[in-house]
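Handing you this structure, nothing more for now.
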Amino acid sequence: MQEQPILSVRDLRTYFFLDEGIVRAVDGVSFEVRAGEVVGLVGESGCGKSVTGKSILRIVEPPGRVVGGEILYRPQKVSIQKAQQANGFVDLAKLDPMGREMRSIRGAEIALIPQEPMASFSPVHTIGFQLVEAIRLHQAVDEEEARLIALERLREVGVPSPEQRFHAYSWELSGGLRQRAIIAMALACNPALLIADEPTTAIDVTTQAQVLNLLRSLQRERRMAIIFITHDLGVIAQVASYVVVMYLGCVVERGPVEDIFHSPQHPYTQALLRSIPSLRTPPRSFLPAIEGSIPHPFNRPPGCPFHPRCRSFMPGTCDRQQPTLQPVQGLQWASCFLLHPAPQGR
Amino acid sequence: MPAGTMAQDEKPLLEVRSLKKYFPLRKGFFRRLIGQIRAVDDVSFAIYEGETLGLVGESGCGKTTTARCILRAIDPTAGQILFRTAAGDVVDVATLSEDELRPLRREMQMIFQDPYASLNPRMNLLDIVSEPLIVIEGIKSREERVQRVAQMLEMVGLRPEYMLRYPHAFSGGQRQRIVIARALVLHPRLVVADEPVSALDVSVRAQVLNLMLRLQQELSLTYLFVSHDLSVVKHICNRVAVMYVGKLVELAPTEELFARPLHPYTEALMAAVPIPDPRIRSAMLPLEGEVPNPANPPSGCYFHPRCRYSQPLCREQAPPLQEAQPGHLAACHFAGQLSLRGVSP
Amino acid sequence: MVAYVIKRLLLLPLLLFIFSVFAFFVIQAPPGDFLTSYIAELAASGTSIDQQQIDALRQLYGLDQPVAIQYVKWVTRVLRGDLGVSLDWQRPNLQLIKDRLILTVSIALLSLLFTWAVAIPIGIYSATHQYSWADYLFTVLNYVGVATPSFMLALVLMWVAFKYFGVSVTGLFSPEYVDAPWSLGRVIDLLKHIWVPVVILGIGGTARLARIMRANLLDELRKPYVEMARAKGLPEWQLVLRYPVRLAINPLISTIGWYLPQIFSGSLVVATVLNLPTIGPMFLRSLITQDMFLAGAIVLIYCCLAIIGTLISDILLAWADPRIRMEES
Amino acid sequence: MGEEPVLVPPGGRAAAEEAAVPLPGVEAKVAEAFYVAPNWKLVWWRFRRHRLALASGAILLLVSVVAAIPGFFATQDPNEAISTELFVPIQAVHLFDGGRLRPYVYGVRGERNPKTLRMEWRIDPSQKIRLRFFGRGYPYSVLGLFQWDRHLLLPEEQSVRVHLLGTDRLGRDQWSRLVYGTQVSLSIGLVAVFLSIFLGILLGGVSGYFGGWVDLVIQRAIEVLQSLPPIPIWMALTAALPRTWSVERVYFAITVILSLIGWTTLAREVRGRFLSLREEDFVVAARLAGCKRRRIIFRHILPTMASHIIAASTLAIPVMIINETFLSFLGLGLRPPAISWGVLLQEAQNLQSIVLAPWLLLPGLAVIITVLCLNVLGDGLRDAADPYH
């Protein structure tokens, strides 16, 4: 038996209630995160990977709402009232998103590295101000102590001459430094779980390599758990130990990184891996592309969300019933009728 | 001519010589000139008929500016852009007036990055794709336009029945097909593709790359393919040019470049690309520092502050782009003397 | 910061030149020169004027010389602090204006204060409670506020106050203080009266500003830094006040630049209705009686006040927003 | 050229099969209508959802009809002054009598106050004056095209006069004056905005398209103009108009003066859009397709801006109307015998007249309603103007 997870997401559903209809951005997502593990959430646009991350932090904004499922988190530092606890877990999905309990978890226990470091700092407040604020929110330290902690964090993430940057505004820093500063802010209170939401999408490859290296070493040193959200399969392969593949709000497959990349089970994962050009594919050849395009979230196909583009589509089954996520081999799970026969009846 | 084979002794379709584009930096109430951004700084290369030349580099390296200068979407500051027309004349695109350029528009076209911004939301497919036909070929009759557009749409994999739809009816990948249809409707010889797949989803990207490859074969097109994504560039190009802070640092046939890079920047760039295989986790240290500001570049070789092989000479002298090996150009004082790692196929 | 202010100040002479030309144009605008119409007016009212006096005036203003020279003469006199003499009031213009200027400026500044004090809380509430009934109510009130000309408001208020409360809300002073010299009692009396024009003037601007504030704040609330602050665990109200509100106010600061001229404009009409001893009614009278040197002087004053407003808003903005400080220095 | 084999690539055909941007729960036919809908239709569909703006539009339509044929709505000649009927109060219209549509008003009875020697009017409920629709009354011209004498509401007996909104100090019928004032006030707003649009598009477009020092000069000019207090400037300019000018000339002069300062906002808007559109890829694409400058402006840039310009103009009209009202109210704008809302409000300039005849404030209500509706409509249009975001 493996060690207990610190986070266990079960059948999470987050819907957006728009005038035009309901968008089921996250529709039944389940996975677990263990201490010191990097879980990669990977998928194309509209698959709900970012919304999953925001749902865990409970910062989904209206008209979006977590409508179902459980987000069981095992607090590492914060003491939460017993009433809300069941065998050491708190169900974040049941907490008031603006309430005190949720706020005491955010930043202190679970922290966020956002996608756009430039826009994620207030442009009229110094980096130092925003760092000190993050520190003092969850730690009983005075201004001066907080400043020292902040400088320490900046140093840890490799910001040169932190005393100087402390008084700088975010737009005075270069892209790479800004990214480091935002990581310093996420690490301000030594969180147990880090949610990195496409942290390297907006930056160049060489800077991306620096940031990935930094994250990897920080994670090793602190034995932090990371949920790494990205659309880039290359990045996932480089950082994750466990991978969750999403498509249209559902988990189609999940498993240890080696299994996902070397013996993918779900037709979507297989097709996706084949269709990406890499430095190792033969040049100027036709790629085995996935046909069609991602359906608009308003028009989710019935049954398996991938069936209109699937090469192994079985008429009468895949378009009628929705497959569920079931174990395939070892720690690998997939959601496909090819692997698990459809339940009879109906 | 099958793509991939090209003879260097052939006359190039396009030759860029010492291209420069400086953007003025202005400020204040009277918009005083306070400096210049050297977006493209003395770039020279040639493209041969039927090949795909990749232009690769990080953001702000001037690759997009170079591409846009070639089509005169922006006016270059200096340099020559010699284009060999279908009639066989060589013209300098850089010096032509707007009116003189118009006949050349038939021969060189562009594919844009953002399929949302590059289609006019007020026009339907018929109007969008037939606009070049009206303007350049002077086709007035609607039937002829409909026929030509239908043919074109079919060629890029869209149903001709969709001709009366507006761009808002299409997804990103389909919009990119429309953009390609518009660029190819005049049967140009040179197509400048500016990051044509970077705004697309992974699963759609392959479709568009396949389409571009197929159209190149069918219409014997020549591509200048601009991208920041080395994997894509490696996949689609015959030759690749690497840019860094407005300058070309290396230019070589694709496989040669990836197997045996001669410039330390190329090596670092390749090493930074994450490989989608968890068994090959790159162990090497990433490149330190960041891309310098093109308004205020370092002395000598622009790459020397980040280069692990840097010597005192590099700080003082800017290395010229020279042929280090046959067909392989590099702008490094020590090209060929360093043992750099490429990507093994 | 200092360099920035100095730079702004260096632009002032240019603007002043443009405005002085405009003010001079106002003086010159009525057909014929003003002396002729003045004489005609005097003749109509039965008073006659000495020919020598006329010639002296003609000489002083250079009326028989080209326009450019007349302008130069006028400007040099203005620069020496001589704004000419009002033919209508028979007193120096400067003296006439000076008395009323303080009241005009204080009404404008108080209106500005009122506007900000009311509009910003409303804007914040509306944006953070978007689509609530209070938001709808404020939206409707804002539309009505923008649509109501200030003088209408003044008229209705005057009527209601008189009809139902039997009080007169006109004027700025009780009768016993109207011509009294300044004293503590007079100031207190002023404060008792001044709120009426201040509120009337402020309503329209409040409505407009509240709408701008709401829209700005809604924009800011969608920005990633708000999400980041939330992810830090910051309490919601503290978060809203510390970050998005702070940023949403910055564009409002630049509205002072056009809002102050608007207030001066509005105060002109409201003051006429409420019969306030400010510059407005005097300006109107000077235009109607074609007392053009007074009118020109007042136009110049209005322009200067407007420039000072813009200057203050620019400086405030640079003080509040480090990005602008950076860009300009 | 022109006869290349048309290959169906792997994935090519299928890619075209599915609809790209499906709509929630609608039939294919409806979806197709959406796909082929040009921009103005999308704008209209979106605008239609904004009920308040729709209602405002309806009210404004009504006001425009009144403005177009005021004679039809008037009950008598607006300039006819009856010295025996000064300050007659409102005679409100009752539409139904005994459950049937039979409009009537109560008559008024005048008594001279022995102290002030003023006539004081009282509504007399014993006296019902029947009204009738589409009766024949005094002749008027319809848009200067032809003469007509039908009116919306007239007393059944020709000799009786009714004053739906009372009379002023000269005994003129305020309702009739109000409808004629509607024509003038609304048209001044419209004409001034048209002039502003013209100036704004011209200078804003020039500024945006050419950039460089042209842009610099125009931008600085706009900044200077915008930093001026508008009303004193207008007042100074209008005061300079010769008193001897005819009503029409004053009217035109005032529209010109209003638009001279009003164009700046529009010019900024146009310039901003122009600048951003000029850099848009689809405009670059048009240039690379060989379009000449004129074609780029008129076929690619202007149509894209049209909805924004319309929205901005709608929002500019109320400003013009209010400013005209200001000027006329102060006696510097239109002068009698011209009738505008501002001229009408001049009658209510002091406390005495308001206390005596509060209905003289009613033209102000017309201003408020019209301006309110225009603002709501303009905001609705602005929100709908960009259906793609």
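Each chain gets a letter, A, B, C and D, in the order it is written, and its residues are counted from 1.
Please note the rule applied: a residue touches a chain if its C-beta (ideal position, glycine included) is under 8 Å from a C-beta of that chain, and two chains touch if they have at least 3 such contacts.
What you see is a predicted model, and the numbers here were worked out from it, not measured in a lab.
Taking the mean of each chain's C-alpha atoms, the chain closest to the overall C-alpha centroid is D. The leading chain pair by number of C-beta pairs in contact is A-B. Centroids of subunit B and subunit D (each the mean of its C-alpha atoms) stand 52 Å apart.
Work out the mean CA point of subunit B and of subunit C, and you get 56 Å between them. For the pair subunit A and subunit B, the distance between C-alpha centroids works out to 33 Å. Across the assembly, subunit D contributes 10-11, 15, 17, 19-21 as residues in contact with two or more other chains. Looking at subunit C, one finds that none of its residues touch two or more other chains. Looking at subunit A, one finds that residues 286, 289-291, 293, 296 touch two or more other chains. Across the complex, subunit B meets subunit A through its residues 3-4, 58-59, 171-174, 201-207, 209-210, 213-214, 228, 230-232, 234-238, 254-255, 258, 268-279, 281-282, 285-288, 290-291, 343, 345.
Only residues 224, 226-233, 235-237, 239-240, 242, 318, 322, 325-326, 329-332, 345, 348-349, 351, 354-355, 358, 361, 364, 367-369, 371-372, 375-376 of subunit D touch subunit C when the two sit together in their complex.
Taken in their complex, subunit B has these residues touching subunit D: 29-31, 68, 71, 73, 98, 102, 105-106, 109-110, 112-114, 117-122, 124, 131-132, 135-136, 151, 154-159, 162, 164-166, 168-171, 173-174, 177, 179, 182, 187, 207, 210-211, 214, 218-219. Here subunit A touches subunit B in the complex through residues 44-45, 174-177, 204-210, 212-213, 231-238, 240, 257-258, 261-262, 271-273, 275-291, 293-294, 296, 309, going by the rule given at the top.
Every residue of subunit A that touches subunit C in the complex is listed here, in rising order: 54, 57, 59, 61, 98, 103-108, 111-112, 114-116, 119-125, 133-134, 137-138, 169, 171-172, 182, 185, 188.
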